[in-house]
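Two complexes are shown next, each including chain A; its partner changes from chain B in the first to chain C in the second.
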Partner chain A sequence: MKTPVSVLRLPRGPDPNSRGFDPNSPRFLALCPTTLSSSSSSGAVDEEEQRLRSDLRERFLRTLLLMTDKQVEFNMHEKVRVRARFGASDIDVLNFQVSGLETPLGVQKEALLRCQDVISCSFEL
Partner chain B sequence: MLKWRDRSPQQWQEFVNQEVCVTAHDQQSFEGRVFTVDPVSASVVLVSFPETKRPSVKVILGHAVTDVQILGSGTKESESRMKSLFLPDRTQVLSADELKSRRENLRVWLEKNRVPVTEDGDDLRVASVLTISAPYSTGDCTCANEIILARVQSLVESVPGEQHASLASI
Partner chain C sequence: MNAIMYPVSMAMRQTPLTCSGHTRPVVDLAFSGITPYGYFLISACKDGKPMLRQGDTGDWIGTFLGHKGAVWGATLNKEATKAATAAADFTAKVWDAVTGDEVLTLAHKHIVKSVNFTQDSNFLLTGGNDKVLRIYDLIKPEADPQEIAGHTSAIKKALWCNNDQQILSAADDKTIRLWDKNTQEAVHTLSFDASVTSMEYIPDGEILVITYGRTIAFYNAHSLDLIKTVDAPASIHSASLHPEKDFFVAGGDDFKLYKYDYTTKEEMESYKGHFGPIHTVRFSPDGELYASGSEDGTLRLWQTAVGKTYGLWKCVLPEELSSENSEVLYCPPAEIKA
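For the complex of A and B:
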């Protein structure tokens, strides 16, 4: 593996005031679309809808689990493609933590990719 | 038609297990079978099984999806084939005797470690908050409290005298 370059930019740490998945947190409201309020017309959350949500989310979490520690190719804007070892995602799927990110500037040992910049990521099993 | 991100879980669910073509920004398109759509970010997870290569998984982030077209429908078989990639493989089927001995072994080990455990039918209950069901491995512990769960799981993993099949294939 190529020698990693020194860290160029440190990412901002997590917001110390909010914990977990809080739909009223300023971070969530500012950065995420309001997925929770879109479909509940009567105000009360439909049980069936909630069950579907949990099911879909569980499958997605298993996808992330499967992706951990694998070499993933990230497809970003302007046809930029980078490869890295996937580490973790945050709860709102806003950032991906990766290691060994291969960039034209060199190999970044640890990096945080903004999901806004990523179009897709793919990996093989 | 609403934007992809604004659709409801029911609408997303209709795409699961279907062969689709997802169009994204930059006019890129991706084909595959939908495994899931994340309700938080509306990201689409596609799985494909090419003939000559290994199965591949693509995650297209929700903000980038412009359109999803169904190309073909899926079957129960395609669903289970996809699922087998993601869910842990429980191929080991234990007999009733083996299960009983595993349970007893685990119960004794937990008691040795001063963990309050009682038998509740086929399950083991730890401190009345955590349940361990058959086949009594790390993946079978259920608890609402993460800290207790983590502690008990590490104990279950280190139980002596067992040949642990690695169930955590993910």
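For the complex of A and C:
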């Protein structure tokens, strides 16, 4: 009877909450240039762009907060339009947690919507 | 210091390492070259989410998100700084393999099946169900690609060869064609009775490894002269030749992986482990392991020299297994699931 080869551990699987590519890994730190150069003249343009990006991001995150517990209509690929009560988004905006999802097959009490399938969503403030 | 040699590979049973994470069949995989950070592995999956893993351990690094359909082909450049994927959403995508960001989307007119970088990573070759080979200049991606037509059925695989001066393509029209990149003409054509299921090009030695039916065939990549063929016990979907050309591995319909001696053509070993047909198998660039992708949705890593200390595998001398001084080691049961 042969002895099976021992292993130190099993290969690590995907993180369910993120798409990975750890920005603190040695490879990432070595190969990715640091953002924003302040010394060159284009530095000012970069800073302005970064400020605008930050503003847009903040507005997006505040919109998600405002959507919480509201009835939202989701406009999705393949001409799908569904309504549901928005619960929360995961950290990478990969999935939206919703309740009372109205579908042609009935109302789904709890569901996850895949964000890559969502084109737009609208709700009353 | 004492050095005691044990014939470990004779005494030990292969422990494959299972990489889970995909939720549908794994249809293609590719290794990068050896980089200062080790080597890497990309897997193409019908769930549309290709993954990057550390090549020697199988540890997940990241998932490339963006495709809206099954991913049929995936590749890395030599340095593992870029990735390319071919998908059923009629696009090929180029990715930054360090950040995971999508860099380029190349629209096609039908399902894309195959992608391949040149050695300098400046050009991407694509092929798919619209039967046309396309060459994209990645420095000028807005420019129209160079197109090479000729195949009469869907292209399964297209590879650069002969110092990126020629192209090898395999299609459902049961031919493999060798094209000159500049004249865009077919220099040689091989015809088969059955559909070619896989193709691998080994630049060092200019060998082409082809599978069809139960056969694994080896050709000279310049002349397309046949070197040898080997028949397996079951239908084979993919095969890979070891960098030192002493072994090759093959897998297919019966879920098993076969290991053959390339010189004598003898079957050396067969390994069970997958729960579905094997779609793809490749040796790592250092030849120390080979990876297989299956209909069961997993990737498995297998040692070339069973029992050797490498990656996550640890060579344990017989005394150490029962000794109180041994480090905490995971002694697997008959089947490991990650």
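Just so it is clear, the second predicted complex is superposed on the first by the 80 of 125 C-alpha atoms of A that agree within 3 Å, B and C clash if a C-alpha of one lies under 4 Å from a C-alpha of the other, contacts with A are read in each partner's own complex, and residues count from 1 in each chain.
FYI, contacts are C-beta pairs under 8 Å (C-beta built on N, C-alpha and C of every residue); 3 or more make two chains touch, one makes a residue touch a chain.
Every value quoted in this text rests on a predicted model; they were computed, and no experiment measured them.
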Would you check which partner chain A:V5 touches, where first means chain B only, second means chain C only, and both and neither mean what they say? second
Contact-wise, after the overlay, does A:Q116 reach chain B, chain C, both or neither (first, second, both, neither)? both
Does any part of chain A touch chain B in one structure and chain C in the other, and if so which residues? 32, 77, 116
Touching chain A in the complex: which residues of chain C? 11-15, 17-21, 37, 51-53, 57-66, 68, 81, 98-100, 301, 303, 306-307, 312-316, 318, 321, 329-332, 334, 336, 338
Touching residues (chain side chain B, partner chain A) in the complex: 5-6, 8-10, 12-13, 16, 24-26, 28, 30, 35-43, 45, 53-64, 85-87, 170
Using the touch rule from the top, collect the residues of chain A that touch chain C in their complex. 2-15, 19-23, 25-28, 30-32, 77, 94, 116
Chain A residues touching chain B - in the complex, by the definition given at the top: 32-33, 35, 38-39, 48-49, 52-53, 55-57, 59-60, 62-63, 65-67, 75, 77-79, 91-93, 115-116, 118-125
